[in-house]
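Every chain is named by a letter (A, B, C and D) in the order it is written, and numbering of its residues begins at 1.
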Amino acid sequence: MKVIMDLCVVPIGVGVSVSKYIAACEEVLADAGLKTDLHAYGTNIEGEWDAVMAAVKRCHEVVHALGAPRIHTNIKLSTRVDRDQTMEEKVASVERRRREG
Amino acid sequence: MKVIMDLCVVPIGVGVSVSKYIAACEEVLADAGLKTDLHAYGTNIEGEWDAVMAAVKRCHEVVHALGAPRIHTNIKLSTRVDRDQTMEEKVASVERRRREG
Amino acid sequence: MKVIMDLCVVPIGVGVSVSKYIAACEEVLADAGLKTDLHAYGTNIEGEWDAVMAAVKRCHEVVHALGAPRIHTNIKLSTRVDRDQTMEEKVASVERRRREG
Amino acid sequence: MKVIMDLCVVPIGVGVSVSKYIAACEEVLADAGLKTDLHAYGTNIEGEWDAVMAAVKRCHEVVHALGAPRIHTNIKLSTRVDRDQTMEEKVASVERRRREG
């Protein structure tokens, strides 16, 4: 089962600057060989359910290991069985609609 | 690693009435032996990371099997390594603060 | 336009204990006369769009005033124009489905 | 009060293809003069709280007017009073951390 996910990891109890922890999560996702796209409020991920979820768990382990006592994470995820769809297709589909007015 | 999660499964492409699918998810969570609390905009779940995530995956499988071609799911989840905390304690802590002013 | 919302306010940069800030938000919602239900991972709110959104903004103002330099907030919200629905009806609808199997 | 938001509008009861509705929301945000960035699982928005929230409300009105009986929306939003920050700075900050290892 393929999943497209938006992942946003928020370390709590380490002050206001959290980019160090997000960078570590980016490393975890890259090491997992997942297709990702970092944006200003999270990271989009595309892959098989188990691989993606294993990477999310690893992010929590790594962020705790870096010193965050508490982590709040937001996930949006979508699965579909009617057809395959990529992250690029989702964006292109909206942009095509806009051009067509 | 223990997790407290808020899970909200939104089946897409099956019309506006989605309670049948949410009820099926509640069955999945109950069958998994997880501690849960259904509220008006999701279900809170408390348990070990792997058990909770396995149940979320099973929810997607079951909702697709019931006919939903597409599923959009929201997850909030929290882990902490400084101390153990239950769902009840989180609510009680806020209510105690309110009484104390 | 009526809205049912799930609101989760996460103050950042104030340590791991955030119940003081959540309690202040509960006060804001109560003062606004909104129908609410606190759960372990947020607060459900039912009301008119403008009144609910004004209260969310007030929560941010109050939590900043209490000393939080940064706030991360999650909102799920739903509007519908086919019929009116309350928070209680949403829960009851799922529970009825489960009884009926 | 400035806000950085991730907005994801999910029309319900209109089938599996929702790009028409998302494109309409993009128009609303553009008409509002807001700074935005469309990604595969939502749209990032940067602006003043009231202007951003007015646009979100307008998205709901427009998507209902296009025929969606029900809408489920996810919002992540962040405000900070310690310093100003843009969407570009958030991404650049994470990427700089990764390069520095």
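The rule is simple: contacts are C-beta pairs under 8 Å (C-beta built on N, C-alpha and C of every residue); 3 or more make two chains touch, one makes a residue touch a chain.
Computed from a predicted model, the values in this text were never measured in an experiment.
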Fraction-based call for chain D against chain A, same above half, different below: same
Chain pair with more C-beta contacts, B-C versus A-C: B-C
Far-end chain from chain C, centres as C-alpha averages: A
Centre distance in Å when chain A and chain B are each reduced to the mean of their C-alpha atoms: 19
Centre-to-centre distance between chain C and chain B (centres being mean Cα positions), rounded to whole Å: 17
Length of the line joining the C-alpha centres of chain A and chain C, rounded to whole Å: 25
Touching two or more other chains - residue numbers and ranges from chain B: 13, 16, 69-70, 72, 74, 76, 78, 80, 82
Contact footprint of chain D on chain B as seen in their complex: 10, 12-13, 15-16, 18, 69-70, 72, 74
Residues of chain A defined as touching chain D within the complex: 4-6, 8, 16, 19-20, 22-23, 26-27, 37-42, 44, 46, 74, 76, 78, 80, 82, 87-88, 90-91, 93-98
Residues of chain B touching chain A in the complex: 1, 13, 49-50, 53, 57, 60-61, 64, 69-82
